[in-house]
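Common to both upcoming complexes is subunit A, partnered first by subunit B, then by subunit C.
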Partner chain A sequence: MALVMTPIYTQTVGAGGASTINFNNIPQHFTDLYFVCNYKSQYNGWANSYISFNDTSSIYSATISNSQATNSFENYRQSGNSAAVNGIGGSNVTANTFSTTFIYIPNYTSSTFKQIISDFTAENNADGTRLGMAAGLYRSTGAITSASFGVAMGWAQYSTISLYGIIRSGA
Partner chain B sequence: MTMTFLGSTTSGSSFSSANFTSIPATFTHLQLRIFGRATFNNSGFNGSIYLTFNGGGTSDYGFRHALNGNGSSVASISGSSTGVIHLTDTISDAGSVANVYGCVIIDILDYANTNKNKTVRAIGGADNNGTANFGKVTFNSQAWLNTAAINAILVGTDSQFAANSHVALYGISTSEVTGA
Partner chain C sequence: MTDTPKVLEVDCSTGVSVERDMTAEEIASMEAIRAEAEARRAEEEAAALAKAEAKASAAAKLAALGLTAEEIAALA
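Up next is the complex of A and B:
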(Lines of atoms letter the chains of each structure in order from A and count residues from 1; the text may use other names and numbers.)
(Lines give C-alpha, C1' and ligand atoms only; values in the text may rest on other atoms or scores of the structure.)
Protein backbone atom coordinates (compact mmCIF):
# COMPACT_ATOMS: atom_id res chain seq x y z
CA MET A 1 0.00 0.00 0.00
CA ALA A 2 1.45 3.32 -1.01
CA LEU A 3 1.28 6.16 1.49
CA VAL A 4 1.69 9.71 0.22
CA MET A 5 1.92 12.66 2.62
CA THR A 6 1.48 16.13 1.15
CA PRO A 7 1.99 19.45 2.98
CA ILE A 8 -1.17 21.58 2.94
CA TYR A 9 -0.54 24.58 5.20
CA THR A 10 1.88 25.82 7.83
CA GLN A 11 0.70 28.45 10.28
CA THR A 12 3.26 30.47 12.25
CA VAL A 13 2.29 32.73 15.15
CA GLY A 14 3.64 36.25 14.84
CA ALA A 15 4.59 38.92 17.35
CA GLY A 16 2.09 39.38 20.15
CA GLY A 17 0.84 35.80 19.99
CA ALA A 18 -2.53 34.49 18.83
CA SER A 19 -5.65 33.29 20.60
CA THR A 20 -6.18 30.44 18.15
CA ILE A 21 -4.40 28.79 15.22
CA ASN A 22 -6.83 28.06 12.41
CA PHE A 23 -6.96 26.00 9.24
CA ASN A 24 -9.88 26.71 6.89
CA ASN A 25 -10.90 25.28 3.55
CA ILE A 26 -9.14 21.97 4.18
CA PRO A 27 -9.01 20.06 0.88
CA GLN A 28 -11.30 17.05 0.72
CA HIS A 29 -9.37 14.74 -1.59
CA PHE A 30 -7.06 13.18 1.00
CA THR A 31 -7.77 10.11 3.13
CA ASP A 32 -6.33 11.25 6.47
CA LEU A 33 -5.01 14.41 8.10
CA TYR A 34 -1.77 14.79 10.06
CA PHE A 35 -0.75 17.80 12.15
CA VAL A 36 2.86 18.43 13.27
CA CYS A 37 2.97 20.99 16.07
CA ASN A 38 5.89 22.83 17.69
CA TYR A 39 4.29 25.36 19.99
CA LYS A 40 3.92 26.81 23.46
CA SER A 41 1.20 28.71 25.26
CA GLN A 42 1.35 32.13 26.90
CA TYR A 43 -0.02 30.65 30.12
CA ASN A 44 2.29 30.39 33.12
CA GLY A 45 1.79 26.68 33.74
CA TRP A 46 0.96 23.36 32.17
CA ALA A 47 -2.18 23.41 30.05
CA ASN A 48 -4.08 21.29 27.59
CA SER A 49 -4.39 22.43 24.03
CA TYR A 50 -7.68 21.72 22.32
CA ILE A 51 -8.74 21.03 18.78
CA SER A 52 -12.16 21.72 17.31
CA PHE A 53 -13.57 21.40 13.82
CA ASN A 54 -16.47 22.83 11.81
CA ASP A 55 -19.05 21.96 14.47
CA THR A 56 -18.19 23.51 17.84
CA SER A 57 -21.15 22.15 19.78
CA SER A 58 -20.53 19.83 22.72
CA ILE A 59 -19.72 16.70 20.71
CA TYR A 60 -16.06 16.20 21.66
CA SER A 61 -14.37 13.94 24.18
CA ALA A 62 -10.85 12.73 24.89
CA THR A 63 -8.85 10.29 26.97
CA ILE A 64 -5.36 11.39 27.96
CA SER A 65 -2.52 9.45 29.57
CA ASN A 66 0.85 11.00 30.34
CA SER A 67 3.84 11.07 32.63
CA GLN A 68 4.65 14.24 34.55
CA ALA A 69 7.98 13.47 36.18
CA THR A 70 9.90 10.48 37.46
CA ASN A 71 7.31 7.73 38.00
CA SER A 72 4.46 10.22 38.20
CA PHE A 73 1.55 9.59 35.87
CA GLU A 74 -1.77 11.15 35.03
CA ASN A 75 -4.85 9.66 33.35
CA TYR A 76 -8.04 11.61 32.75
CA ARG A 77 -11.00 12.14 30.47
CA GLN A 78 -12.42 15.35 29.09
CA SER A 79 -15.48 16.37 27.10
CA GLY A 80 -16.98 19.57 25.74
CA ASN A 81 -16.95 21.71 22.64
CA SER A 82 -13.37 20.75 21.76
CA ALA A 83 -11.04 17.80 22.36
CA ALA A 84 -7.84 17.92 24.39
CA VAL A 85 -4.87 16.63 22.42
CA ASN A 86 -2.03 17.03 24.93
CA GLY A 87 -0.49 18.75 27.88
CA ILE A 88 1.95 21.50 26.92
CA GLY A 89 4.18 24.07 28.50
CA GLY A 90 3.94 27.83 28.51
CA SER A 91 5.96 30.54 30.16
CA ASN A 92 6.61 28.10 33.03
CA VAL A 93 9.11 26.08 30.97
CA THR A 94 12.63 26.90 29.85
CA ALA A 95 12.83 29.97 27.60
CA ASN A 96 12.68 29.36 23.84
CA THR A 97 11.66 25.75 24.42
CA PHE A 98 8.55 24.51 22.64
CA SER A 99 6.29 21.47 23.04
CA THR A 100 5.71 18.96 20.25
CA THR A 101 2.53 17.18 19.26
CA PHE A 102 1.79 14.82 16.36
CA ILE A 103 -1.92 14.39 15.58
CA TYR A 104 -3.42 11.82 13.22
CA ILE A 105 -7.04 12.00 12.06
CA PRO A 106 -8.02 9.07 9.80
CA ASN A 107 -11.00 9.17 7.44
CA TYR A 108 -11.69 12.86 8.02
CA THR A 109 -14.23 13.06 5.16
CA SER A 110 -16.13 9.90 6.07
CA SER A 111 -19.69 9.77 7.41
CA THR A 112 -18.52 8.10 10.62
CA PHE A 113 -17.42 9.81 13.84
CA LYS A 114 -13.78 10.96 13.73
CA GLN A 115 -10.95 9.72 15.95
CA ILE A 116 -8.11 12.08 16.92
CA ILE A 117 -4.92 10.24 17.90
CA SER A 118 -1.95 12.18 19.25
CA ASP A 119 1.35 11.82 21.03
CA PHE A 120 3.04 14.73 22.74
CA THR A 121 6.09 15.93 24.62
CA ALA A 122 6.25 19.13 26.64
CA GLU A 123 9.97 19.67 26.95
CA ASN A 124 11.46 21.50 29.92
CA ASN A 125 14.95 21.64 31.39
CA ALA A 126 13.78 20.18 34.70
CA ASP A 127 12.26 17.03 36.13
CA GLY A 128 8.68 18.18 35.49
CA THR A 129 7.39 17.65 31.99
CA ARG A 130 4.56 16.01 30.03
CA LEU A 131 5.03 12.98 27.79
CA GLY A 132 1.98 11.11 26.69
CA MET A 133 -0.75 10.12 24.32
CA ALA A 134 -4.34 11.11 23.73
CA ALA A 135 -7.30 9.66 21.89
CA GLY A 136 -10.13 12.05 21.06
CA LEU A 137 -13.52 11.65 19.47
CA TYR A 138 -15.44 14.12 17.30
CA ARG A 139 -19.01 12.87 17.18
CA SER A 140 -19.91 14.36 13.82
CA THR A 141 -20.69 12.54 10.60
CA GLY A 142 -19.82 15.60 8.51
CA ALA A 143 -16.53 15.93 6.68
CA ILE A 144 -13.89 18.03 8.45
CA THR A 145 -13.35 21.23 6.48
CA SER A 146 -11.72 23.40 9.16
CA ALA A 147 -9.69 22.98 12.33
CA SER A 148 -8.89 25.33 15.18
CA PHE A 149 -6.35 24.99 18.01
CA GLY A 150 -6.86 26.78 21.29
CA VAL A 151 -5.00 26.95 24.61
CA ALA A 152 -5.16 28.94 27.83
CA MET A 153 -3.95 32.52 27.28
CA GLY A 154 -3.29 31.83 23.59
CA TRP A 155 -0.25 30.82 21.59
CA ALA A 156 3.24 32.26 21.96
CA GLN A 157 5.16 33.84 19.12
CA TYR A 158 7.01 31.42 16.82
CA SER A 159 4.56 28.59 17.51
CA THR A 160 4.02 26.57 14.35
CA ILE A 161 1.52 23.97 13.19
CA SER A 162 1.90 22.18 9.85
CA LEU A 163 -0.99 20.31 8.27
CA TYR A 164 -0.41 17.37 5.94
CA GLY A 165 -2.85 15.39 3.84
CA ILE A 166 -2.32 11.64 3.55
CA ILE A 167 -3.54 9.52 0.69
CA ARG A 168 -3.77 5.78 1.21
CA SER A 169 -3.77 4.09 -2.11
CA GLY A 170 -4.08 0.40 -2.85
CA ALA A 171 -1.07 0.38 -5.12
CA MET B 1 7.57 14.72 -1.94
CA THR B 2 7.77 15.80 1.65
CA MET B 3 10.53 13.49 2.92
CA THR B 4 13.92 13.79 1.29
CA PHE B 5 16.67 11.27 1.92
CA LEU B 6 19.81 13.06 3.11
CA GLY B 7 22.11 10.14 3.82
CA SER B 8 22.64 6.93 5.72
CA THR B 9 25.29 4.79 7.35
CA THR B 10 25.38 1.02 7.40
CA SER B 11 28.03 -1.63 7.32
CA GLY B 12 28.58 -5.37 7.21
CA SER B 13 30.72 -4.98 10.31
CA SER B 14 30.23 -2.97 13.49
CA PHE B 15 30.73 0.80 13.37
CA SER B 16 31.14 3.42 16.06
CA SER B 17 28.85 6.17 14.84
CA ALA B 18 26.99 7.80 11.98
CA ASN B 19 28.06 11.33 11.19
CA PHE B 20 25.89 13.69 9.15
CA THR B 21 27.50 17.00 8.25
CA SER B 22 26.63 20.01 6.08
CA ILE B 23 22.92 19.44 6.69
CA PRO B 24 21.08 22.01 4.55
CA ALA B 25 18.79 24.48 6.34
CA THR B 26 16.18 24.25 3.61
CA PHE B 27 13.85 21.77 5.31
CA THR B 28 11.45 22.36 8.18
CA HIS B 29 12.07 19.23 10.24
CA LEU B 30 14.60 16.40 10.38
CA GLN B 31 13.90 12.74 10.98
CA LEU B 32 16.33 9.97 11.86
CA ARG B 33 15.26 6.37 11.26
CA ILE B 34 17.45 3.81 12.96
CA PHE B 35 17.41 0.05 12.72
CA GLY B 36 20.03 -0.90 15.23
CA ARG B 37 21.66 -3.06 17.81
CA ALA B 38 24.37 -1.97 20.25
CA THR B 39 27.44 -4.14 20.80
CA PHE B 40 27.38 -3.40 24.56
CA ASN B 41 25.36 -5.56 26.96
CA ASN B 42 23.34 -3.32 29.28
CA SER B 43 22.28 -6.30 31.41
CA GLY B 44 18.57 -5.83 31.41
CA PHE B 45 18.14 -2.65 29.44
CA ASN B 46 18.10 -2.01 25.74
CA GLY B 47 20.70 0.12 24.03
CA SER B 48 20.51 3.90 24.01
CA ILE B 49 21.02 6.34 21.16
CA TYR B 50 23.19 9.43 21.69
CA LEU B 51 23.03 12.55 19.52
CA THR B 52 25.51 15.41 19.42
CA PHE B 53 24.68 18.52 17.41
CA ASN B 54 27.05 20.79 15.48
CA GLY B 55 30.12 19.16 16.96
CA GLY B 56 29.85 21.43 19.98
CA GLY B 57 30.34 21.11 23.70
CA THR B 58 28.29 19.27 26.26
CA SER B 59 26.68 22.16 28.12
CA ASP B 60 23.60 22.80 25.99
CA TYR B 61 21.70 19.59 26.55
CA GLY B 62 18.68 19.66 28.82
CA PHE B 63 17.03 17.24 31.21
CA ARG B 64 16.19 13.81 29.80
CA HIS B 65 12.60 12.56 29.87
CA ALA B 66 11.32 9.11 28.96
CA LEU B 67 8.22 6.97 29.32
CA ASN B 68 8.59 3.25 28.77
CA GLY B 69 7.02 -0.16 29.23
CA ASN B 70 8.66 -3.57 29.42
CA GLY B 71 5.63 -5.81 29.11
CA SER B 72 4.86 -5.93 32.80
CA SER B 73 5.24 -2.42 34.14
CA VAL B 74 5.38 1.22 33.08
CA ALA B 75 7.99 3.73 34.18
CA SER B 76 8.76 7.35 33.54
CA ILE B 77 12.31 8.61 33.85
CA SER B 78 13.72 12.06 34.26
CA GLY B 79 17.38 12.77 34.64
CA SER B 80 19.91 15.53 34.39
CA SER B 81 21.88 15.97 31.22
CA THR B 82 24.65 13.57 30.28
CA GLY B 83 26.08 16.10 27.84
CA VAL B 84 24.30 14.70 24.81
CA ILE B 85 20.78 13.94 23.62
CA HIS B 86 20.37 10.64 25.47
CA LEU B 87 17.50 8.47 24.20
CA THR B 88 17.25 5.52 26.56
CA ASP B 89 16.27 1.94 25.76
CA THR B 90 15.51 2.56 22.11
CA ILE B 91 17.33 -0.28 20.30
CA SER B 92 18.49 -3.83 21.02
CA ASP B 93 21.84 -4.56 22.61
CA ALA B 94 24.34 -7.40 22.89
CA GLY B 95 22.19 -9.11 25.52
CA SER B 96 19.30 -9.49 23.09
CA VAL B 97 18.50 -12.65 21.17
CA ALA B 98 20.80 -13.07 18.15
CA ASN B 99 19.70 -11.20 15.00
CA VAL B 100 17.23 -9.01 16.91
CA TYR B 101 17.48 -5.29 16.03
CA GLY B 102 15.52 -2.43 17.55
CA CYS B 103 13.91 0.41 15.68
CA VAL B 104 13.56 4.08 16.60
CA ILE B 105 12.19 7.11 14.78
CA ILE B 106 13.59 10.45 15.99
CA ASP B 107 12.01 13.78 15.04
CA ILE B 108 13.82 17.11 15.41
CA LEU B 109 11.29 19.87 14.83
CA ASP B 110 12.14 23.32 13.43
CA TYR B 111 15.83 22.39 13.44
CA ALA B 112 16.84 25.51 11.50
CA ASN B 113 14.64 28.00 13.39
CA THR B 114 16.98 30.36 15.25
CA ASN B 115 14.20 31.54 17.58
CA LYS B 116 13.78 28.13 19.19
CA ASN B 117 15.70 25.63 21.23
CA LYS B 118 15.46 22.26 19.50
CA THR B 119 13.17 19.57 20.87
CA VAL B 120 13.97 15.94 20.08
CA ARG B 121 11.20 13.36 20.28
CA ALA B 122 11.80 9.64 19.75
CA ILE B 123 9.58 6.58 19.68
CA GLY B 124 11.30 3.23 19.57
CA GLY B 125 11.90 -0.12 21.11
CA ALA B 126 12.57 -3.75 20.55
CA ASP B 127 10.85 -6.97 21.38
CA ASN B 128 13.08 -9.87 22.30
CA ASN B 129 10.96 -12.87 21.46
CA GLY B 130 8.93 -12.34 24.59
CA THR B 131 11.93 -12.56 26.89
CA ALA B 132 11.54 -10.58 30.09
CA ASN B 133 13.95 -7.72 30.92
CA PHE B 134 15.04 -7.00 27.38
CA GLY B 135 11.88 -6.19 25.45
CA LYS B 136 10.96 -2.54 25.85
CA VAL B 137 9.01 0.20 24.09
CA THR B 138 10.03 3.79 24.84
CA PHE B 139 9.02 7.38 24.27
CA ASN B 140 11.84 9.89 24.80
CA SER B 141 12.06 13.66 24.77
CA GLN B 142 14.93 16.06 25.38
CA ALA B 143 15.82 19.60 24.37
CA TRP B 144 19.00 21.03 22.93
CA LEU B 145 19.11 24.40 24.71
CA ASN B 146 20.57 26.23 21.76
CA THR B 147 18.81 28.34 19.13
CA ALA B 148 21.42 27.78 16.41
CA ALA B 149 20.40 25.90 13.30
CA ILE B 150 21.47 22.27 13.41
CA ASN B 151 23.97 21.58 10.64
CA ALA B 152 25.61 18.40 11.87
CA ILE B 153 24.48 15.34 13.84
CA LEU B 154 26.70 12.65 15.31
CA VAL B 155 24.74 9.48 16.16
CA GLY B 156 26.22 6.98 18.61
CA THR B 157 25.12 4.12 20.82
CA ASP B 158 26.45 2.02 23.70
CA SER B 159 29.89 0.99 22.46
CA GLN B 160 29.22 0.43 18.73
CA PHE B 161 26.42 -0.29 16.31
CA ALA B 162 26.41 -4.00 15.46
CA ALA B 163 26.93 -5.13 11.88
CA ASN B 164 23.95 -4.50 9.61
CA SER B 165 22.60 -1.67 11.76
CA HIS B 166 21.29 1.21 9.67
CA VAL B 167 21.05 4.94 10.45
CA ALA B 168 19.25 7.19 7.94
CA LEU B 169 18.53 10.93 7.95
CA TYR B 170 15.63 12.61 6.14
CA GLY B 171 14.58 16.22 5.64
CA ILE B 172 10.88 16.98 5.91
CA SER B 173 9.35 19.90 4.03
CA THR B 174 6.23 21.91 4.69
CA SER B 175 4.50 24.50 2.60
CA GLU B 176 4.36 28.09 3.73
CA VAL B 177 0.77 28.79 2.82
CA THR B 178 -0.79 31.22 5.27
CA GLY B 179 -4.22 32.68 5.68
CA ALA B 180 -5.84 29.29 5.32
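Up next is the complex of A and C:
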Protein backbone atom coordinates (compact mmCIF):
# COMPACT_ATOMS: atom_id res chain seq x y z
CA MET A 1 0.00 0.00 0.00
CA ALA A 2 1.61 3.22 -1.14
CA LEU A 3 1.49 6.05 1.34
CA VAL A 4 1.88 9.76 0.74
CA MET A 5 2.24 12.03 3.74
CA THR A 6 1.99 15.76 3.13
CA PRO A 7 2.69 18.50 5.67
CA ILE A 8 -0.27 20.88 5.93
CA TYR A 9 0.75 23.33 8.64
CA THR A 10 2.78 23.67 11.84
CA GLN A 11 1.71 26.00 14.62
CA THR A 12 4.16 27.22 17.24
CA VAL A 13 3.05 28.90 20.45
CA GLY A 14 4.62 32.29 21.05
CA ALA A 15 5.49 34.24 24.17
CA GLY A 16 2.70 34.27 26.71
CA GLY A 17 1.37 30.87 25.67
CA ALA A 18 -1.94 29.99 24.06
CA SER A 19 -5.04 28.52 25.65
CA THR A 20 -6.12 26.62 22.56
CA ILE A 21 -4.54 25.69 19.23
CA ASN A 22 -6.95 25.44 16.30
CA PHE A 23 -6.67 24.15 12.75
CA ASN A 24 -9.53 25.38 10.54
CA ASN A 25 -10.55 24.60 6.95
CA ILE A 26 -8.62 21.33 6.88
CA PRO A 27 -8.25 20.09 3.26
CA GLN A 28 -10.65 17.29 2.39
CA HIS A 29 -8.69 15.38 -0.27
CA PHE A 30 -6.62 13.15 2.05
CA THR A 31 -7.72 9.82 3.48
CA ASP A 32 -6.29 10.26 7.01
CA LEU A 33 -4.98 13.00 9.29
CA TYR A 34 -1.85 12.78 11.42
CA PHE A 35 -0.90 15.24 14.15
CA VAL A 36 2.65 15.40 15.51
CA CYS A 37 2.60 17.24 18.81
CA ASN A 38 5.57 18.43 20.82
CA TYR A 39 4.16 20.45 23.65
CA LYS A 40 3.77 21.11 27.33
CA SER A 41 1.01 22.70 29.34
CA GLN A 42 1.20 25.66 31.70
CA TYR A 43 -0.46 23.55 34.40
CA ASN A 44 1.66 22.60 37.40
CA GLY A 45 1.17 18.85 37.17
CA TRP A 46 0.38 15.94 34.91
CA ALA A 47 -2.78 16.51 32.92
CA ASN A 48 -4.75 15.04 30.07
CA SER A 49 -4.95 17.12 26.94
CA TYR A 50 -7.94 17.04 24.65
CA ILE A 51 -8.87 17.22 20.99
CA SER A 52 -12.19 18.31 19.55
CA PHE A 53 -13.37 18.77 15.99
CA ASN A 54 -16.14 20.70 14.24
CA ASP A 55 -18.70 19.81 16.87
CA THR A 56 -18.17 20.37 20.59
CA SER A 57 -21.34 18.72 21.83
CA SER A 58 -20.97 15.67 24.09
CA ILE A 59 -20.22 13.12 21.39
CA TYR A 60 -16.63 12.23 22.30
CA SER A 61 -15.23 9.37 24.35
CA ALA A 62 -11.76 7.99 25.04
CA THR A 63 -9.82 5.46 27.05
CA ILE A 64 -6.23 6.09 28.11
CA SER A 65 -3.80 3.47 29.33
CA ASN A 66 -0.62 4.91 30.80
CA SER A 67 2.19 4.23 33.22
CA GLN A 68 4.95 6.17 34.85
CA ALA A 69 8.15 4.77 36.35
CA THR A 70 6.91 2.04 38.70
CA ASN A 71 3.31 3.30 38.65
CA SER A 72 0.77 1.72 36.36
CA PHE A 73 -2.53 3.53 36.38
CA GLU A 74 -5.93 2.02 35.79
CA ASN A 75 -7.40 2.75 32.39
CA TYR A 76 -8.91 6.20 32.40
CA ARG A 77 -12.25 6.44 30.63
CA GLN A 78 -13.62 9.80 29.69
CA SER A 79 -16.48 11.22 27.67
CA GLY A 80 -17.72 14.72 26.95
CA ASN A 81 -17.36 17.55 24.49
CA SER A 82 -13.77 16.60 23.59
CA ALA A 83 -11.61 13.47 23.67
CA ALA A 84 -8.57 12.99 25.91
CA VAL A 85 -5.52 11.94 23.88
CA ASN A 86 -2.73 11.69 26.46
CA GLY A 87 -1.35 12.49 29.87
CA ILE A 88 1.37 15.12 29.61
CA GLY A 89 3.53 17.31 31.75
CA GLY A 90 3.41 21.00 32.41
CA SER A 91 5.48 23.31 34.57
CA ASN A 92 6.08 20.32 36.89
CA VAL A 93 8.39 18.54 34.44
CA THR A 94 12.03 19.05 33.49
CA ALA A 95 12.71 22.53 32.13
CA ASN A 96 12.88 22.79 28.34
CA THR A 97 11.48 19.28 28.00
CA PHE A 98 8.32 18.79 26.00
CA SER A 99 5.92 15.88 25.75
CA THR A 100 5.43 14.17 22.41
CA THR A 101 2.14 12.82 21.11
CA PHE A 102 1.22 11.30 17.76
CA ILE A 103 -2.47 11.34 16.86
CA TYR A 104 -3.86 9.39 13.92
CA ILE A 105 -7.35 9.92 12.55
CA PRO A 106 -8.21 7.50 9.74
CA ASN A 107 -10.98 8.22 7.24
CA TYR A 108 -11.65 11.71 8.56
CA THR A 109 -14.03 12.60 5.71
CA SER A 110 -16.12 9.43 5.97
CA SER A 111 -19.78 9.37 6.95
CA THR A 112 -19.08 6.99 9.83
CA PHE A 113 -17.89 7.77 13.36
CA LYS A 114 -14.18 8.75 13.53
CA GLN A 115 -11.46 6.96 15.46
CA ILE A 116 -8.86 8.96 17.39
CA ILE A 117 -5.73 6.90 18.05
CA SER A 118 -2.73 8.30 19.88
CA ASP A 119 0.46 7.38 21.67
CA PHE A 120 2.49 9.64 23.90
CA THR A 121 5.63 10.04 25.96
CA ALA A 122 6.38 12.66 28.57
CA GLU A 123 9.76 13.05 30.24
CA ASN A 124 10.32 14.17 33.80
CA ASN A 125 13.62 13.75 35.64
CA ALA A 126 11.95 14.13 39.04
CA ASP A 127 9.46 11.29 38.95
CA GLY A 128 10.01 9.42 35.71
CA THR A 129 8.77 9.21 32.18
CA ARG A 130 5.07 8.81 31.60
CA LEU A 131 3.98 6.99 28.49
CA GLY A 132 0.87 5.43 27.12
CA MET A 133 -1.71 5.09 24.42
CA ALA A 134 -5.25 6.31 23.93
CA ALA A 135 -8.17 5.34 21.75
CA GLY A 136 -11.12 7.63 21.26
CA LEU A 137 -14.24 8.07 19.21
CA TYR A 138 -15.82 11.15 17.65
CA ARG A 139 -19.41 10.15 17.16
CA SER A 140 -20.17 12.36 14.19
CA THR A 141 -20.99 11.38 10.62
CA GLY A 142 -19.77 14.68 9.19
CA ALA A 143 -16.31 15.15 7.66
CA ILE A 144 -13.74 16.68 9.98
CA THR A 145 -12.97 20.22 8.82
CA SER A 146 -11.41 21.67 11.97
CA ALA A 147 -9.47 20.47 15.01
CA SER A 148 -8.86 22.13 18.36
CA PHE A 149 -6.34 21.24 21.08
CA GLY A 150 -6.88 22.17 24.70
CA VAL A 151 -5.20 21.50 28.03
CA ALA A 152 -5.47 22.81 31.57
CA MET A 153 -4.02 26.34 31.80
CA GLY A 154 -3.15 26.35 28.09
CA TRP A 155 -0.01 25.61 26.08
CA ALA A 156 3.46 26.82 26.98
CA GLN A 157 5.66 28.88 24.69
CA TYR A 158 7.49 26.91 21.97
CA SER A 159 4.87 24.14 21.94
CA THR A 160 4.28 22.96 18.38
CA ILE A 161 1.59 20.95 16.62
CA SER A 162 2.10 19.84 13.03
CA LEU A 163 -0.73 18.57 10.87
CA TYR A 164 -0.09 16.11 8.04
CA GLY A 165 -2.47 14.71 5.47
CA ILE A 166 -2.09 11.08 4.44
CA ILE A 167 -3.20 9.55 1.16
CA ARG A 168 -3.44 5.78 1.22
CA SER A 169 -3.56 4.65 -2.38
CA GLY A 170 -6.16 1.97 -2.82
CA ALA A 171 -7.97 3.19 0.28
CA MET B 1 -7.35 43.37 34.95
CA THR B 2 -6.34 39.97 33.60
CA ASP B 3 -5.63 39.29 29.95
CA THR B 4 -8.23 37.35 27.99
CA PRO B 5 -6.93 33.86 27.15
CA LYS B 6 -5.74 33.53 23.56
CA VAL B 7 -6.45 31.10 20.76
CA LEU B 8 -3.76 30.32 18.20
CA GLU B 9 -5.62 29.58 15.00
CA VAL B 10 -4.67 28.78 11.40
CA ASP B 11 -6.79 28.62 8.27
CA CYS B 12 -5.28 25.59 6.51
CA SER B 13 -6.72 26.66 3.15
CA THR B 14 -4.82 29.97 3.18
CA GLY B 15 -2.00 29.36 5.67
CA VAL B 16 -3.00 32.51 7.52
CA SER B 17 -2.39 32.19 11.27
CA VAL B 18 -3.91 34.55 13.82
CA GLU B 19 -4.01 34.93 17.57
CA ARG B 20 -7.38 36.00 18.92
CA ASP B 21 -9.19 36.32 22.25
CA MET B 22 -11.18 33.33 23.47
CA THR B 23 -14.96 33.55 23.37
CA ALA B 24 -16.96 33.10 26.57
CA GLU B 25 -17.92 29.58 25.43
CA GLU B 26 -14.27 28.69 24.82
CA ILE B 27 -13.26 30.03 28.22
CA ALA B 28 -15.96 27.89 29.86
CA SER B 29 -14.67 24.83 28.00
CA MET B 30 -11.09 25.57 29.10
CA GLU B 31 -12.23 25.90 32.72
CA ALA B 32 -13.98 22.53 32.48
CA ILE B 33 -10.73 20.97 31.22
CA ARG B 34 -8.81 22.52 34.11
CA ALA B 35 -11.36 21.21 36.63
CA GLU B 36 -11.14 17.73 35.13
CA ALA B 37 -7.33 17.86 35.31
CA GLU B 38 -7.52 18.78 38.99
CA ALA B 39 -9.94 15.92 39.69
CA ARG B 40 -7.83 13.45 37.74
CA ARG B 41 -4.68 14.57 39.55
CA ALA B 42 -6.37 14.05 42.94
CA GLU B 43 -7.50 10.56 41.85
CA GLU B 44 -3.98 9.60 40.76
CA GLU B 45 -2.37 10.94 43.92
CA ALA B 46 -4.87 9.08 46.11
CA ALA B 47 -4.33 5.85 44.16
CA ALA B 48 -0.53 6.17 44.38
CA LEU B 49 -0.72 6.81 48.13
CA ALA B 50 -3.01 3.82 48.69
CA LYS B 51 -0.68 1.62 46.67
CA ALA B 52 2.39 2.75 48.63
CA GLU B 53 0.63 2.16 51.95
CA ALA B 54 -0.50 -1.32 50.89
CA LYS B 55 3.04 -2.14 49.78
CA ALA B 56 4.53 -0.98 53.09
CA SER B 57 1.92 -2.96 55.03
CA ALA B 58 2.62 -6.11 53.01
CA ALA B 59 6.37 -5.71 53.51
CA ALA B 60 5.91 -5.35 57.26
CA LYS B 61 3.80 -8.52 57.41
CA LEU B 62 6.36 -10.44 55.38
CA ALA B 63 9.13 -9.22 57.67
CA ALA B 64 7.12 -10.42 60.67
CA LEU B 65 7.01 -13.86 59.07
CA GLY B 66 10.81 -13.86 59.01
CA LEU B 67 11.62 -12.83 55.45
CA THR B 68 14.76 -10.72 55.01
CA ALA B 69 14.69 -7.32 53.32
CA GLU B 70 16.41 -8.85 50.28
CA GLU B 71 13.76 -11.58 50.06
CA ILE B 72 10.94 -9.04 50.30
CA ALA B 73 12.56 -6.89 47.64
CA ALA B 74 12.85 -9.91 45.36
CA LEU B 75 9.06 -10.34 45.52
CA ALA B 76 8.36 -6.78 44.37
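Here, the second predicted complex is superposed on the first by the 165 of 171 C-alpha atoms of A that agree within 3 Å, B and C clash if a C-alpha of one lies under 4 Å from a C-alpha of the other, contacts with A are read in each partner's own complex, and residues count from 1 in each chain.
What we mean here is this: contacts are C-beta pairs under 8 Å (C-beta built on N, C-alpha and C of every residue); 3 or more make two chains touch, one makes a residue touch a chain.
What you are looking at is a predicted structure, and each value in this text was computed from that prediction instead of being measured.
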First, second, both or neither for A:160, with subunit B first and subunit C second: first
Touched partner set for A:136, first subunit B, second subunit C, both or neither: neither
Partner chain(s) touched by A:123 [first = subunit B, second = subunit C, both, neither]: first
Touched partner set for A:46, first subunit B, second subunit C, both or neither: second
Subunit B versus subunit C as contact partner of A:151, first or second or both or neither: second
Contacts of A:36 with subunit B and subunit C, given as first, second, both or neither: first
Touched partner set for A:24, first subunit B, second subunit C, both or neither: both
First, second, both or neither for A:89, with subunit B first and subunit C second: neither
Overlap of the subunit B and subunit C footprints on subunit A, listed as residue numbers: 8-9, 11, 22-26, 71, 73, 163
Of subunit C, residues touching subunit A in the complex: 3, 5-15, 17, 19, 22, 26-27, 29-30, 32-34, 36-38, 40-41, 44, 47-48, 51
Residues on subunit B engaged by subunit A in the complex (per definition of touch): 2-3, 28-29, 62-63, 65-67, 74-78, 107, 109-110, 113, 115-117, 119, 121, 123, 139, 141-143, 145, 147, 173-178, 180
Of subunit A, residues touching subunit B in the complex: 5-12, 22-26, 36, 38, 66-73, 94-100, 102, 119, 121, 123-129, 131-132, 157-158, 160, 162-164
Subunit C-touching residues of subunit A, taken from the complex the two chains share: 8-9, 11, 13-14, 16-27, 43, 45-48, 50, 56, 71, 73-74, 76, 78, 80-82, 150-155, 163
